[in-house]
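Think of it as A, B, C and D in the order they're written, each chain with its own count starting at 1.
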Amino acid sequence: MTDSLDVAALTAWLDRAAAVLEREKARLTELDAAIGDSDHGVNMARGFSAVAAKLAGAPPADPAALFKTVGMTLISTVGGAAGPLYGTLFLQAAGQATGKPALDAPALAECLKAGLAGIVQRGKAEPGDKTMVDALGPAVAALDAAAGASLPQALAAAAAAAEAGMMATIPLVARKGRASYLGERSVGHQDPGATSSFLLLKALADTAAG
Amino acid sequence: MTDSLDVAALTAWLDRAAAVLEREKARLTELDAAIGDSDHGVNMARGFSAVAAKLAGAPPADPAALFKTVGMTLISTVGGAAGPLYGTLFLQAAGQATGKPALDAPALAECLKAGLAGIVQRGKAEPGDKTMVDALGPAVAALDAAAGASLPQALAAAAAAAEAGMMATIPLVARKGRASYLGERSVGHQDPGATSSFLLLKALADTAAG
Amino acid sequence: MKKLINAPEAVVAEALAGMAAAHPGLIRVETDPAFVVRADAPVRGKVGLVSGGGSGHEPMHGGFVGRGMLDAACPGAVFTSPTPDQMLAAAKAVDGGAGVLFIVKNYTGDVMNFEMAAELAAAEGLTVDSVVIDDDVAVKDSLYTAGRRGVATTVLAEKICGGAAEAGLPLAAVADLCRRVNANGRSMGMALTACTVPHAGKPSFTLADDEMEIGIGIHGEPGRRRVPLEPADRVAEMLMEPVIEDLPFRTGDEVLLFVNGMGGTPLIELYVLYRKAHEIAERHGLKVVRNLVGSYITSLEMAGASITLLRLDADMIRYWDAPVLTPALRWGA
Amino acid sequence: MKKLINAPEAVVAEALAGMAAAHPGLIRVETDPAFVVRADAPVRGKVGLVSGGGSGHEPMHGGFVGRGMLDAACPGAVFTSPTPDQMLAAAKAVDGGAGVLFIVKNYTGDVMNFEMAAELAAAEGLTVDSVVIDDDVAVKDSLYTAGRRGVATTVLAEKICGGAAEAGLPLAAVADLCRRVNANGRSMGMALTACTVPHAGKPSFTLADDEMEIGIGIHGEPGRRRVPLEPADRVAEMLMEPVIEDLPFRTGDEVLLFVNGMGGTPLIELYVLYRKAHEIAERHGLKVVRNLVGSYITSLEMAGASITLLRLDADMIRYWDAPVLTPALRWGA
């Protein structure tokens, strides 16, 4: 059990995320087939496997450098809507992480908050639009609320909130991204981006849990 | 029961043939799908319905004129291999019918013999090549052999021989027409053209039988 | 999944390699990052036209690179927007000193990636403008959603702006013309079958033998509604009426009528559809002075079609008629 | 059966009407008897090129009518040879005083109908020659059978002879060139799916998800053998090897490589196939100096492809490169 995540721990998180996304590729693709274009799983798996390879090839000096590498790699390998959005998340997080050798719960909360703000600025999605924002928003709120808790506890709470947010996308009518073209027909389907956001936060919580 | 077929009887035959081919269109098409290109049924039905319409519109003066009309109509409406072949049959038959107000069994035998010769000259098929020749050849032979019989008996024998010839195409390897492209894979399938030849002769026999 | 491919992850790169081998005189294919570029790029003094998008819509966009049309096209993975580094590299490769225009189909991913690329390009001192195409009347336009999709009008915009750029028009004029094309083009599509994204390995949706989807896009996504299969003439009405009403097109308008196949529909059927679409256009008093019939913006092997009407002005006609020499569209050159 | 059609018996006529509406400047469509003819026919002093065959192979042949290619094309019912009266009427319509060449694909029906037409034309005083194309190496050639089928080399013959006729070559020279193209062209095809003849209403054969047919023709007929589905690169080998061996093509030969789609296969897959076919050609020392990639001779909505190699001589190259202005092939004009 740790109180903060250094470059090694963050790298372990992203390696784990790459493995999880590879494993969940088919499921994410299936979710995207229902209300999108069947590529979210393969896009995310491709991007995070590139991230893992990049980090292994040239280990970054600090969390800020790591986040920057992750963001740039995602932007140049994921494509689609998810690439710029997740890329922006990590680039904004890098700004918050600047100068810090390791990130504790409040620092991680700042990073995620800035990342989410970047996503909203890029994508203009509001809560309830049936996007990744609906998983990330509750996660940020949960991290804030868990101010006194240990890092693993705080991250577990964030992942749980993301999961709840992800489930809550099911009854929504999509108003952003491809699913919006379906109008009412998007109801009853879980948003793929909210799902990948949950998987990333779950991988983070699992990493912190050791 | 008649001893010879005049224009009215021959027209009745061709009307009956048109009806039979319309009814058997799907079966002929299916036979052609197996070893050809799925059009023999619709080609024959189109051609003979045009023949029936033509004969109804302008009744010919004698059997020769009738056969010539039938031949020309088939050539310009059937297309594919069957059009020129059946067209040639009737044009050659017209030559043999010239000057005759009605056709008795020997005359019909001459007509069919000349028609078959025309088909062989156009199409170069030999007996056993798995074509309409394998139904028409035995029919000509049966008509010849039935020299002493009544017209209905002679035509019934010809139709029976055509049917046997048609069945005998099943085990053959096709050497002419589209089925030849299949080589050994054509074995086990009944030739569509032999089948339409049988149907035409059967309609003729049925017409003569009254 | 029955496809003439080797492996899902290799499709795009291998198809690009095939294009490079087939059209060495017209295009070059760069691989890292990936883009298709005119063999003679950059053309000094000419506005550079760059487009791009997910693969699976061939010949769009790579097949439209060449004299009189695009200077470069950035291919993404199948149905996945390409990335800003591709667009930036393409922009640099085609910049002949007169600026670069990005022609972007309105999908969240495409728009965001091209936006990022435009920011990066501006930071490197390039002059870049962007036009977003959003012509699909199947999608209700709204400020609160991603808006309309960009579909077949894109092909017309690329040809017309390509002609204008080749003629030496400055960036502002080419971009203005592109916006005019978008403002005057409307499309609607339908599907008889779904398509299979290679990676997904199974069809994006399934349609019964007696069903069709109306209001599909070009990404194998389901459409606005599923309805009983109808004869081609009825399908033509179902696509033409919303297209005509939307602009609206009016009696006397000179139009280009574009009947587009989705990849798995053969030309004989497209002509059957064109016949009725043309008749409907004339019934509404439209003058069909130009047309295009064929599979130019596709959705893998999907069977189906889309219909586009573009209200033409004199510039559009002039640049539509201008010579074009690309793998997929070629005339006068 | 899922098709964009109205009724099986109306498909051919309605598609022709669509073509007529779409290409008024290039072609006219006559209906009784039916043929597609150059808008400016007859061209005085020019050899008239006439081809034709069953419908369902679009754009062949009607899409190849126009300046620099065919003068007329006679469409039959789907997969059914047209009739002599069509061919005779077409020959008369295009006869500019320099004679008429019939380009005939080697199918019993086509050959016999064109033979009859040639007899009728001769009887009316026209000078007619005929060339039969039989390039399909999937069929064993033999004196005792109908011989080889005519497939994709037909497209190349029509373009090359069209160029030669446009250049003013006399009938004997155009016919000789056509025979040379046929003698130097070889093709082989394969299918991933069957197609459905509209009248038949169901597929001509069925293939399991893991099967393909090798050695198909263009009429939805089964091929020479059914084999397990293979990756595109292996398919390229399976088509290229018999084609190369047959002529045989030899190191140093200059060739045109034509990868053709059967109607339901999208361009992205054709380029994947082209990539490997080109590589195989080069491995054999062939110089691929011209090529064509696209769906030009199809089998309704069949998914699949064929590969054609044509050994070129200087005349063939010159007339291949010559301008062509038809609905489906267009360059330099």
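The working rule: a contact is a pair of C-beta atoms (placed from the backbone, for glycine too) under 8 Å apart; a residue touches a chain by one contact, two chains touch by 3 or more.
Protein identities per chain, from UniProt: A, B = PEP-dependent dihydroxyacetone kinase, ADP-binding subunit DhaL; C, D = phosphoenolpyruvate--glycerone phosphotransferase.
Here the structure is a predicted model, which means the values were calculated and not measured.
Trainee: Counting one step per pair of touching chains, how few steps separate subunit A from subunit D?
Mentor: Counted as steps through touching chains, the separation is 2.
Trainee: Hide subunit D: connected chain groups?
Mentor: A, C | B
Trainee: Compare the CA centroid of subunit D with every other chain's and tell me the farthest one.
Mentor: It is A.
Trainee: Averaged over CA atoms, how far is the centre of subunit C from the centre of subunit D? Could you give it in whole Å?
Mentor: 29
Trainee: As a quick test, compute the distance in whole Å between the mean CA positions of subunit A and subunit B.
Mentor: Between these chains, centre-to-centre, one finds 75 Å.
Trainee: Per the centroid of Cα atoms for each chain, what is the distance between subunit A and subunit C, given in Å?
Mentor: The answer is 32 Å.
Trainee: Quick one: subunit B and subunit C, Cα centre-to-centre, how many Å?
Mentor: The computed centroid separation for subunit B versus subunit C comes out at 54 Å.
Trainee: What pairs of chains are touching here?
Mentor: Touching chain pairs, listed by label, come out as A-C, B-D, C-D.
Trainee: Considering the complex alone, what residue numbers of subunit C touch subunit A?
Mentor: 8, 33, 54, 76-85, 107-109, 112-113, 115-116, 138-140, 144-146, 149, 197, 199-200, 204-205, 217, 219-222, 224
Trainee: Looking at the complex, which residues from subunit D come into contact with subunit C?
Mentor: 1-7, 11-12, 14-19, 21-22, 55-56, 58-59, 63, 192-193, 209, 212, 229, 231-233, 235, 263-275, 278-279, 288, 291, 293, 295, 298, 300-301, 303-305, 325, 327-328, 330-333
Trainee: In the complex of these two chains, what residues of subunit A are touching subunit C?
Mentor: Residues 29-30, 33, 35-39, 41-43, 46, 75-85, 122-123, 175-178, 180-183, 185 of subunit A touch subunit C in their complex.
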